[in-house]
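Everything below concerns the one structure shown next.
Order of writing sets the labels: A, B, C and D. Residues in every chain begin at 1.
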């Protein structure tokens, strides 16, 4: 058996098999190292896949040996190879710290189940990204969603359960919308294979069911991506979830929603029709800009900083949506790069929250007083990741913003460029508010607070360093993104 | 329902047949209507009826959660294991045809049987586990 | 061309030297003497490197150094051209002087967190070097932002509520304008021109509609908030809460001159004189800059706080350079470039004196300075020199830059600007000269003389060097002017 | 008139599914009781299930089990298989939702959304 040929399958199978084994391990103490191992292997596989794609182009894997369009295929192109790396990489970074970041009162046994759920969520997200079959995408979507509802509900605050319930209701409605859209597509074309759909849809674009399918899928994906005004589930869910869950989902879950949007628009429906006749750009761009402003403005007034980060995610998803809506090359590069970059920086910021919560018990703004001195490394990470959020040069945030503005200017949408820039200035306010408290406010004179333990600090630092590294050397991110764009826009 | 003698007796007599029917549906899956999902649910109903009538404690005694967890994970592992086995046999993931070196059709039969068995075990365990978890919590 | 390779690496080394000081300073944080020796050593080394570069430049053009940057197709380039060379020379030389001064000031004033101070100071200088040697707009922008961020901890050094407010204003205005306007202008320039490289004669000429070019020019002038054109000037007086060495080097030299330098460089090498001269917007922006010159001088008259008065004076002087850029004339360009140097020496002298007064006598207001000239004759003598240089009187360097500026205005027959320069000179006299006069000619308040003395030695040495610099610039401006003139020829320009 | 009627009848399954979808969404949005929300969710999903199942129907077709008659017309089995998966998902969703309700009830003492929100008001 040639392992390399089976990488796409192994990408999913490794975490999928890892999850039940993790639940069955006779010694619960082994669960954590095992989960770390699984996520590391998964990450290694996605790196290998990315390399393979960059070397050979699109990789197609036939499940069960059935030929497409009858069987399920996994298709890895540059776009989802990058996303696979993001998702599995975040899992590999976050997983070792799980013990510290999910509340102190969890028992070994419940932690084992927690890890099982986390691996299932990972499987689901990887599956959404890798599959080339529309219905398979729905199944993976539900796998990841169900496990994420459960993970969020493990938060120690009683509001976690309520937040998870809300997410469940809205998330299920969103996923069902996608299901309806897929059903309509199947009804009209008789196929579920995305590439095949893309070919057959061309002649059917004038029909109502196809147009309805577009609407249903976009709305469903918007709910999953937490695109304003369908973002209502997110702030509470990320605020009350355990820190590690917020870090992982904050960095990946909304991105997967954005991926669904990109994939269906470009591979299935065809960009020129979606943005031309259907004028979806006129929906995505205004909504994106509105999200950027609404999210940032609300973030400014939050006292709970995890909630602040969640609202900032609303704003950042707005940028992604606006970037997709521009419909041109640079816009799409901006969207893809920002999906990746925002994952990095939001992951770093949520990890900082995990450190602070571990030491201070909560992530209220008042608990940050004087932390600049007490937890210098953690707060240093906050400052750097925060600067990235603002979009300062030499950080990842700048790269995405550059392409977004470039895309807007090229599309002739001047107001968009100006509004994007203005809204990103709001980030200065909500980030700097925290920095001021951390560095200038006197620390409360209670017991001494130490720096976070290495187990949490190292992942935080790692993500922060990546925020800068990918902001300086952008060959990987922008290179892969432009390759992906030429793939999606059909100009290889 | 402990005081309803008729219900108890009838249940006692029916449960084995329910389980047997489940196994029939399970095994018949690759020729006619049936398969792992349906069989699993039917199998679980057998246990659920038992629990309803004789009390949750007796059901837990017969089927501890530990066993159920084993069933849930084991079923999934069986399913995934078949896929991995076909990888090792030289096919793609879940390509049952390669499982039998002589006749692909035999391999396909074997593969689908095992996969459906895995699905059945998982579904049956999950359904029972859901019932037990809720009922036990309410009981307390 | 054997020297081409090492010479093109020199700008990078110039940026690296201050940065390398950072870990060393951090290591030596427990030993103040070692820490300050390291800074002094770094500053001296930097001067040597920059001087070497200047010498190389007189021999012939230096090959730009390209490093791949964050944006594909947009490599970061470091190149050496005369205007940046002068800026780098001034900044690196004054870093050394300021460090000498800072040693006396920070110790004399018992400031806290001195290690942090020296660390961010070094980073700010590195960023300044980056701006000076930037070969394209993207590189310039990156170092511009680094400079903003690295000076923030210096502005808020005191950690008081006032410092926090100042820091907010500082970051808000500088970051807001740079991301909100400057960055947009850069992106638009890139889409229109397809490159961001500084080139002789500009890269926009013939590629843009006049309306768009005008808009771009406005975006640049206002987007470079560091040049403090009204109404984006508020951060500069606010930043005066910083320790005096910071106000002196950064807010009279490095930061504000980075702004002025960027405007001058963009006007000359992105727009080009021809395009600039043909735009309606140029006239409008000239009006804004002229207004800033006059209005800031008038505000300076009303300020009793010494540093605040100097800050408004800086705002006014910066707009000289903006005007120089917008006149779009070789003479004005030379004047603007020279003004970077002459104003730097004059203004840093004034700030050093203000700091010396603060350290020695704990006085911050002009109305408290009666008779102080008798106690601190040296300091106030230097203050007089600095003032005269800023006003533009011989025998001080300020004369030449103002001369060239007025010549440029005359060349292009912009009589109103000539009048603006003249009026502003009168206002300079009105707000600067009363200070030394008050100190020398008014009597000292009763019983005050016993406690007063001159500032620490280190401070006085620094003051002596910079005021001597003012004189030297009068007698020997030619090397600088010759160097600058090369920028206007195709061969010497980037 | 007849044309409209034909159009209406030809898409009867769509109308029925749409009606269920609307009813379900209405319940989810308007009802404050968490249980009722779950019921609404189920109605909503059932609408989709019916839509899929009716989609696979072929006029005059039999159940898709191979028989010896070569002329036999079969219904399309694929939508049914797909929707079986979706039904399983829906079962899982429902049970998870119920589990969450149990926890909410235990910590808040209520299953009314308004009361839950009010309980956390500072």
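Going forward, contacts are C-beta pairs under 8 Å (C-beta built on N, C-alpha and C of every residue); 3 or more make two chains touch, one makes a residue touch a chain.
Worth saying up front: this structure is predicted, and the values here are computed from it rather than measured.
**Student:** Would you mind telling me which chain pair, A-C or A-B, is linked by more contacting C-beta pairs?
**Tutor:** Higher C-beta contact count between the two pairs: A-C.
**Student:** Distance from the CA centroid of chain A to that of chain C, rounded to the nearest Å?
**Tutor:** Inter-chain centre distance comes to 44 Å.
**Student:** Could you state the distance in Å from the CA-based centre of chain C to that of chain D?
**Tutor:** Distance between chain centres: 69 Å.
**Student:** Can you work out the whole-Å distance between the CA centroids of chain B and chain C?
**Tutor:** Here the centre of chain C sits 79 Å away from the centre of chain B.
**Student:** Take the average of all CA coordinates in chain A, do the same for chain B, and state the distance between these two points in whole angstrom.
**Tutor:** Chain centroid spacing, chain A to chain B, equals 35 Å.
**Student:** Hunt down the residues of chain A that sit against at least two other chains at once, touch-wise.
**Tutor:** none
**Student:** Among the residues of chain D, which ones contact at least 2 other chains?
**Tutor:** In chain D, residues 92 touch at least two other chains, as defined above.
**Student:** By the touch rule stated above, which residues of chain B touch at least two different other chains?
**Tutor:** Not one residue in chain B touches at least two other chains.
**Student:** All pairs of touching chains?
**Tutor:** A-B, A-C, A-D, B-D
**Student:** With touch defined as at the start, can you tell me which chain C residues reach chain A in the complex?
**Tutor:** For chain C paired with chain A, touching residues are 68-72, 141-142, 145-146, 149, 156, 159, 164, 167-168, 171-172, 175-176, 179-180, 183-184, 187-188, 190-191.
**Student:** Chain D touches which residues of chain B in the complex?
**Tutor:** Of all residues in chain B, those touching chain D are 32-33, 37, 123, 126, 130, 133-134, 137.
**Student:** Would you pull the chain D residues touching chain B in the complex into a rising list?
**Tutor:** So the residues of chain D in touch with chain B come to 63, 65, 84, 88, 92, 95, 98-99, 102.
**Student:** Could you pull out which chain D residues touch chain A in their complex?
**Tutor:** Counting only chain D, the residues touching chain A are 21, 25, 28, 34, 37, 41, 44-45, 48, 51-52, 55, 78-79, 82, 85-86, 89, 92-93, 96-97, 100-101, 103-104, 107-108, 116, 120.
**Student:** Report the residues of chain A in contact with chain B in the complex, numbered from low to high.
**Tutor:** So the residues of chain A in touch with chain B come to 1, 6, 9, 13, 16-17, 19-21, 23-24, 61-65.
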